[in-house]
Amino acid sequence: MASGQTPIDSALERLRALPFENLEFATVDHHRQLRCGHPEVIFCQGKTLAQVVAIARRLAGGGAAVLATRTSVEQRQALLAEFSTAVVNELGRGVLIESGAARVPAETDLSGAPHVALVCAGTSDLPVAEEAALTLRAMGAPFIRLNDVGVSGLHRLLPHVERWQKACAVVAIAGLEGALPSVIGGLVACPVFAVPTSVGYGSSMGGVVAMLAMLNSCASNISVVNIDNGFGAAYSASLVCQQVRTARNAAREG
Amino acid sequence: MASGQTPIDSALERLRALPFENLEFATVDHHRQLRCGHPEVIFCQGKTLAQVVAIARRLAGGGAAVLATRTSVEQRQALLAEFSTAVVNELGRGVLIESGAARVPAETDLSGAPHVALVCAGTSDLPVAEEAALTLRAMGAPFIRLNDVGVSGLHRLLPHVERWQKACAVVAIAGLEGALPSVIGGLVACPVFAVPTSVGYGSSMGGVVAMLAMLNSCASNISVVNIDNGFGAAYSASLVCQQVRTARNAAREG
Amino acid sequence: MASGQTPIDSALERLRALPFENLEFATVDHHRQLRCGHPEVIFCQGKTLAQVVAIARRLAGGGAAVLATRTSVEQRQALLAEFSTAVVNELGRGVLIESGAARVPAETDLSGAPHVALVCAGTSDLPVAEEAALTLRAMGAPFIRLNDVGVSGLHRLLPHVERWQKACAVVAIAGLEGALPSVIGGLVACPVFAVPTSVGYGSSMGGVVAMLAMLNSCASNISVVNIDNGFGAAYSASLVCQQVRTARNAAREG
Amino acid sequence: MASGQTPIDSALERLRALPFENLEFATVDHHRQLRCGHPEVIFCQGKTLAQVVAIARRLAGGGAAVLATRTSVEQRQALLAEFSTAVVNELGRGVLIESGAARVPAETDLSGAPHVALVCAGTSDLPVAEEAALTLRAMGAPFIRLNDVGVSGLHRLLPHVERWQKACAVVAIAGLEGALPSVIGGLVACPVFAVPTSVGYGSSMGGVVAMLAMLNSCASNISVVNIDNGFGAAYSASLVCQQVRTARNAAREG
Amino acid sequence: MASGQTPIDSALERLRALPFENLEFATVDHHRQLRCGHPEVIFCQGKTLAQVVAIARRLAGGGAAVLATRTSVEQRQALLAEFSTAVVNELGRGVLIESGAARVPAETDLSGAPHVALVCAGTSDLPVAEEAALTLRAMGAPFIRLNDVGVSGLHRLLPHVERWQKACAVVAIAGLEGALPSVIGGLVACPVFAVPTSVGYGSSMGGVVAMLAMLNSCASNISVVNIDNGFGAAYSASLVCQQVRTARNAAREG
Amino acid sequence: MASGQTPIDSALERLRALPFENLEFATVDHHRQLRCGHPEVIFCQGKTLAQVVAIARRLAGGGAAVLATRTSVEQRQALLAEFSTAVVNELGRGVLIESGAARVPAETDLSGAPHVALVCAGTSDLPVAEEAALTLRAMGAPFIRLNDVGVSGLHRLLPHVERWQKACAVVAIAGLEGALPSVIGGLVACPVFAVPTSVGYGSSMGGVVAMLAMLNSCASNISVVNIDNGFGAAYSASLVCQQVRTARNAAREG
Amino acid sequence: MASGQTPIDSALERLRALPFENLEFATVDHHRQLRCGHPEVIFCQGKTLAQVVAIARRLAGGGAAVLATRTSVEQRQALLAEFSTAVVNELGRGVLIESGAARVPAETDLSGAPHVALVCAGTSDLPVAEEAALTLRAMGAPFIRLNDVGVSGLHRLLPHVERWQKACAVVAIAGLEGALPSVIGGLVACPVFAVPTSVGYGSSMGGVVAMLAMLNSCASNISVVNIDNGFGAAYSASLVCQQVRTARNAAREG
Amino acid sequence: MASGQTPIDSALERLRALPFENLEFATVDHHRQLRCGHPEVIFCQGKTLAQVVAIARRLAGGGAAVLATRTSVEQRQALLAEFSTAVVNELGRGVLIESGAARVPAETDLSGAPHVALVCAGTSDLPVAEEAALTLRAMGAPFIRLNDVGVSGLHRLLPHVERWQKACAVVAIAGLEGALPSVIGGLVACPVFAVPTSVGYGSSMGGVVAMLAMLNSCASNISVVNIDNGFGAAYSASLVCQQVRTARNAAREG
């Protein structure tokens, strides 16, 4: 296209250049990874076995890592049957089909690398934390973890403050009254991505109370994702992490 | 009481013995203080000046201390015009017409007496805290106070833990995400009466979020009153305090 | 530590002194009983059999009494298999692993001891009342009970008023419109811990209506816990009871 | 009516026979009184002065009694200017333009006539009770009243039970937790029309809590109208009353 | 008791005179029928088979008719095993154990007797209508019925208007938008007891929308019961009917 | 357009071709009328006088008719000062700056033209109906009107059915229980655009009840717009009307 | 009827002329098709197999096409057993019993005929889209489809804009945040009937969030049906389509 | 730090080292800036003039930059009277008292610096955008802006995509249906902090609908703050930006 392009040309060209492919039930797009720097994600809830496998096959065939979230037992089995090397996280209900890319460093090998802190208030919140953990792995983001540090037991939480303060983003997971992010938010100087969970009973409203409490946090650095959306918080946290790493590397190389 | 009485007689006699007096617009009951050991309380919201003054006059005439809550500026002025020695708390919107009974010891004179800890998360919650403070005074319950100790500033809250741990009940007041009672609840071994406040904006829903969060607290010793109901929490807390004092005194005298 | 300590030292020391032990999925804390004077409680909903048993074993090994609430049938069986002398309350879904401490006096042996009144509006609310009863036992709090005294049958409720008036705290359990605590609150001079239940249908919203009604009670001495949280109300009530007993004993000994 | 008519003719003829008249902004129907045996009612909220007066004039011109509800101060003044003999109830915000029909017997003259019991929980609920009272007068239904008998003061409520038990319908008005109808419902054997009021604060949600509590009453004979709808409850109660009176008179005359 | 009785004596005596009997799980009261003129009702949801049968046996032994509502299949079988002549309504989930009293006249034999009109909007609402029908039978109230007359099919509804207009109360049952009572209310001059049903999908919120719509009806003679509470509406309607019949009979005999 | 283009080119070109112009506070787009065949609409709520006038001036300068909705009194005055020939609808809070295009035929001149029926349940709903009427005028859609035909007065509604049945779309406006669209929907064979209004009190929730009732209508041809959104319903209705007219004209000319 | 007929006669006659037939559980009306120009629809949820088959048999016997929506597997089997040529849509849970009328042209044969665009945001929304598709077929409305075009993938949506812009109505189906109709609304000049779906998790509230988002759309031409109501939106869309076709044909023939 | 220290020492020391100072009504903490790298923020809603000025004076005296949010007109005047060089943003209701630190580069001088993209859907959302803009300035975060790019006008939004794609975080502000973040989220590879606004009417519920829609976004990189909380989103976004800048600088210098 000629030089007289208006600004809108530029945006449109980017969009136009994105090829996509039509399955009967889904429009798959191979360029998302290029655009976003991350694997394709399949939200599996409400999809049939056949649909999930077909989408995964097509995406993996395109060379991308594929993360399947909210899978059923049957969906996990079907994906494992198809992709024998896939990483399956039962508790977190996720499957990661890695594309042969470099492995994420183990938690004990952080060596000062930009990383995420993954904090979880109670044992019952672990499935959400596992989904977040698998997502961080899929995104290539190193992370440290701490479980079972509810706010009514400050003596369990406080010793870890110093470690958290080195993270470039925190994923904070809690059900019930959802107070954990507020307490953490006051102790760190990075964004805290808060995940309300559906853990609770009675008037917990399936996590709505925790979600609303987090949205009304008195801490300034809290933002919130949907109930039980460990994936989303980890995804955003890894985007922060990735930019810090990229900036560091670019500057070093530059 | 005669020996042939059935159990129901006993309960009914107690009720029957309670005289009451009909104003045109209210049924005033002079025996409540005897029954409950506390002054009569007038909830003034939605009552006219004339009604408030008439009820107060009748009650004070009966010898009781009278606590008027949720008064308007005009109601406070009208009560002060009628009862020149009344204690007026502007911020807490309350008026206390004391009956000449012994004064509550000042905060610095606790001397080991059973007392209440009154804790408030933010400056904006002060009106509710003041209502609670006036109620504690009306009930003759000594108390200690701490303001502005929100959970995102643990370094402000923690130094006071030891003092709270000596109280026989805590009144914990917070708006926004209402996390304060959960944190305090984990640090003390007495009942925490939690007061959600309407402080907040956006999705705080006028305090409903704080209230629900408190009801879903992960701490075991939390119970909750209505939004902005500093009176109710202080009333219940003083009932605890009073029983402890009575038990101590009775045993000493016994 | 030297005499120059700031106030914050004192609070922090208390926290620091609390050892804790890390299971893979939970951070167990042996000092809670010391801090709070009560057994450790395991909220079992959403935990696996292995997790529940492991936590219970660790805690009981520390010498504490252990109360497991909201257990499933399988969890109860697993705990009983591990702790053959555990007290199992099927209706209340609780298990109490007693630590050999002194037994709670039977209901008919109150002998003037400070005690709790446990009142329940309808037959369908009994599971919640049973959870409360087991909690009171675990906490060592004597109590009297009355079932099936809904407010539309005052003739059943009134004969018991006199007995209640001797309690130092009331646990009042009701579903549907949740009016019971308001009626009781007007008849006693101690704190009433109100428990809304999920009993109802149609617009009862799983107990939310009862909960909101209790929070808006016209009685002054009502505070509220979460829906079906018989444990929480009994826990707070027993904390009142315990303080009265302690005060009495201390004064006698002093 | 001719013999060949199908059933649908009959219903349609009744409808067809009803003349109506078009004002520019309202379709007024003179036959409602014939159809329903009651005066025309103008719900004035959201209508202009001119509209209210015009509708009232037209209806009164047709010979009907006219009840204007939820009037503003200005609307009341305008109606009084037009109908100098109108009965104005300031507190109840209503205006009654009587059509010269027989007066309702005074409360002390019930003489065994079928009547309504009008019961009100608190002083702040009086405006709603006044609207109900004016409606009962407009409908020609005798009634007895009792104010300020909240459920936390049973000793004030119980002495009146016997009187209520003679009424053929009860209108029970309460805000806050709305428990009054449940208590009354258990004591009488007639329909109780429950009116939740917007009296309350915090989580009362403008009367929604009282309304929901009433709808979930454990008493069998409760039905509920909209918040603050004293008119509606009184209207339905008077329809019961009227039928009993009609039955009695018809049988006597028959 | 002597002649100097205060008014409160009178009310209390009535209450005191009511004997009651304690089962382990329920306080049964034999005098309710005398007080209310109707059979005892057992709300069976959430009760065990043993509890339901025990309560029914005790009540029937006292000579009362017994209506069991919201029974499960098993509860119906257990009651039928115990009371072989009981009337079982499968669709309405009710069981009626009649006490040998006079039978209700069949629908075609109304002969001008005071009766109820039972109207139901859709086929899916029939279970609620059946519960209402069984209740009317238990209460001895004659009634006429009409099913499947939703407001979007006025041509099906209008032919029946004339019949309804002779009833002394209407029970109007509808789900979805709940508009039926408003349309009927404008066509009759008696109380309409509206029953919202849980029939619907999507945003119907299990009947809450229908319930709220009915509470906001533009008709003046509507009052509302809980969702799916066919029992309650029929109970109130029969109380109207009974009073009209009593008045007629009393006048005839007088 | 060249032959080598992919489908995405086509869509993008359409978008690219749309010029727009940046004010400091708004991005104005002159091509909307071309794209949609309708005037530009300014939603004025929350905009300053200066903003409203500036946007209107720019748009009118482009030759388009301009419809300003939800204007304040001051905004209406400012627009009238700027556009002296503007049509101002006080009740409907709208201003129409016509572009000199052909006038809409008066209501009595429909002459068989495709038109909209605009129906309004109550006098208090008139402001919304006026907004709809002005919108229809702005869109060039002929319409007939009927006011004050609530469902509790069927005799006022039924005579007009025949007229409505000739419309190609109905705009049905109602507050309170919002039943009007259901009744109309069953009587016509065209789309009914339902507008819930905020008219009501108590539990009407500012129109939410009417809105939800309409969404749960038992009629098949109802779709719903936001509360008080007379504009939106009229806009959609006029789009139907316009297509019918265009089809008729095209066929005639073709 | 004679010439002196009032307007109301006309409307009533139309209604009266509609014969209907009473099954025991449903009032079936054969004239709806004549009145509305469409097949009879049976909403099967909550109906028994016997009821569904009986209604279908009666209606099909009257010559109408019959569309059964929200059928269970068993209901589909029962209908297929009865009507062997019925069209069954498993995913859309619908059954169409065609009356031998002309077939709808296939999607690729639109040839400029007035048609509907059926757009669906995600794979999980397909059941709702299928219900809509079957409805369009039942109504004889040609349509084009596009699946899986969520708003976070604009590059998949934009290429189709041009095709949509030729439709006379759009059915836009989306769950989660329900943004699809807003984006489409800004790109077309016809009514968009928006269908929120229950697809989502956490705080999606079963589709309520999508529904409310659509009702608050910033686009002018959006109207909304109930959650998952693919039938309703398709029904309304086909009514638009039908009128355009009729107008075109009438003009051609005229 | 001595070698014998347990991990908890470390955390506690950090907290202990933080001095704080007690005003009568607030506990001010001078070290927050050190801890968080940002100025102290005063949330002014619900605070008196005297409180706001006193807190600001104390903080500014400590050398920190001070950002006052949600100020009233009077509070802004009072702050300006005290701090004559303060930056006042009327529309955004904020005041920034800068501490003499380096100025933020102007928007046109980004020169490749890590920056935030601030995007706003409509003119009415501008106050929230202004609050965000002032916060970004206070935090020293460069940013680019775009206003009035609602999703129903894609042609206005798309030309800017390329610019946004260079930002390290996006703040996306929208009211009504809140769809903007979903559309943007699909076009960028950085975290999007979504701000729902209270702009809307009818069922928008003061921004709750927009908030819930954003929480249910189909895009993976969205996290949400409270309604109208431009401050919070900008704060989190600037924390991302700051880390990227720090990493770049550190690497360059390292």
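Things worth noting here:
Note that the chains take the letters A, B, C, D, E, F, G and H in the order they are written out, and that residue 1 is the start of every chain.
The rule we apply is simple: contacts are C-beta pairs under 8 Å (C-beta built on N, C-alpha and C of every residue); 3 or more make two chains touch, one makes a residue touch a chain.
Keep in mind that what you see is a predicted model, and the values were worked out from it rather than measured.
The minimum number of touch steps separating subunit C from subunit F is 2.
Of the two chain pairs considered here, A-H and A-B, the higher C-beta contact count falls to A-H.
Repeating the E-G interface, with the same residue numbers in over half of the contact pairs, is the pair A-C out of A-H, G-H or A-C. Most remote chain with respect to subunit F, judged by CA-atom centres, is C. For this pair, subunit A with subunit F, the centres built from the Cα atoms lie 44 Å apart. Separating the centre of subunit C from that of subunit E, both taken as means of CA atoms, is a distance of 39 Å.
Centroids built from CA atoms put subunit H at 55 Å from subunit D. Residues of subunit A found to touch two or more other chains are 6, 8, 12, 15-16, 153-155, 158, 202-204, 211, 215-216, 226.
Interface of subunit C with subunit B (complex): residues 6-8, 10-12, 14-15, 35-38, 41, 114, 155, 158-162, 168, 189-191, 193, 211, 215-216, 220-226, 231-233, 235-236, 239-240, 243-245, 247-252, 254.
For subunit D in complex with subunit B, the residues that touch the partner chain are 123-124, 126, 147-149, 153-156, 158, 199, 201-204. Interface of subunit F with subunit H (complex): residues 15-16, 18, 20, 25-27, 29, 45-47, 51, 70, 196, 198, 206-208, 211, 226-229. Of all residues in subunit F, only 121-122, 150-154, 158, 176-179, 182-183, 185-187, 200, 202-205, 209-210, 212-219 touch subunit E in the complex they form.
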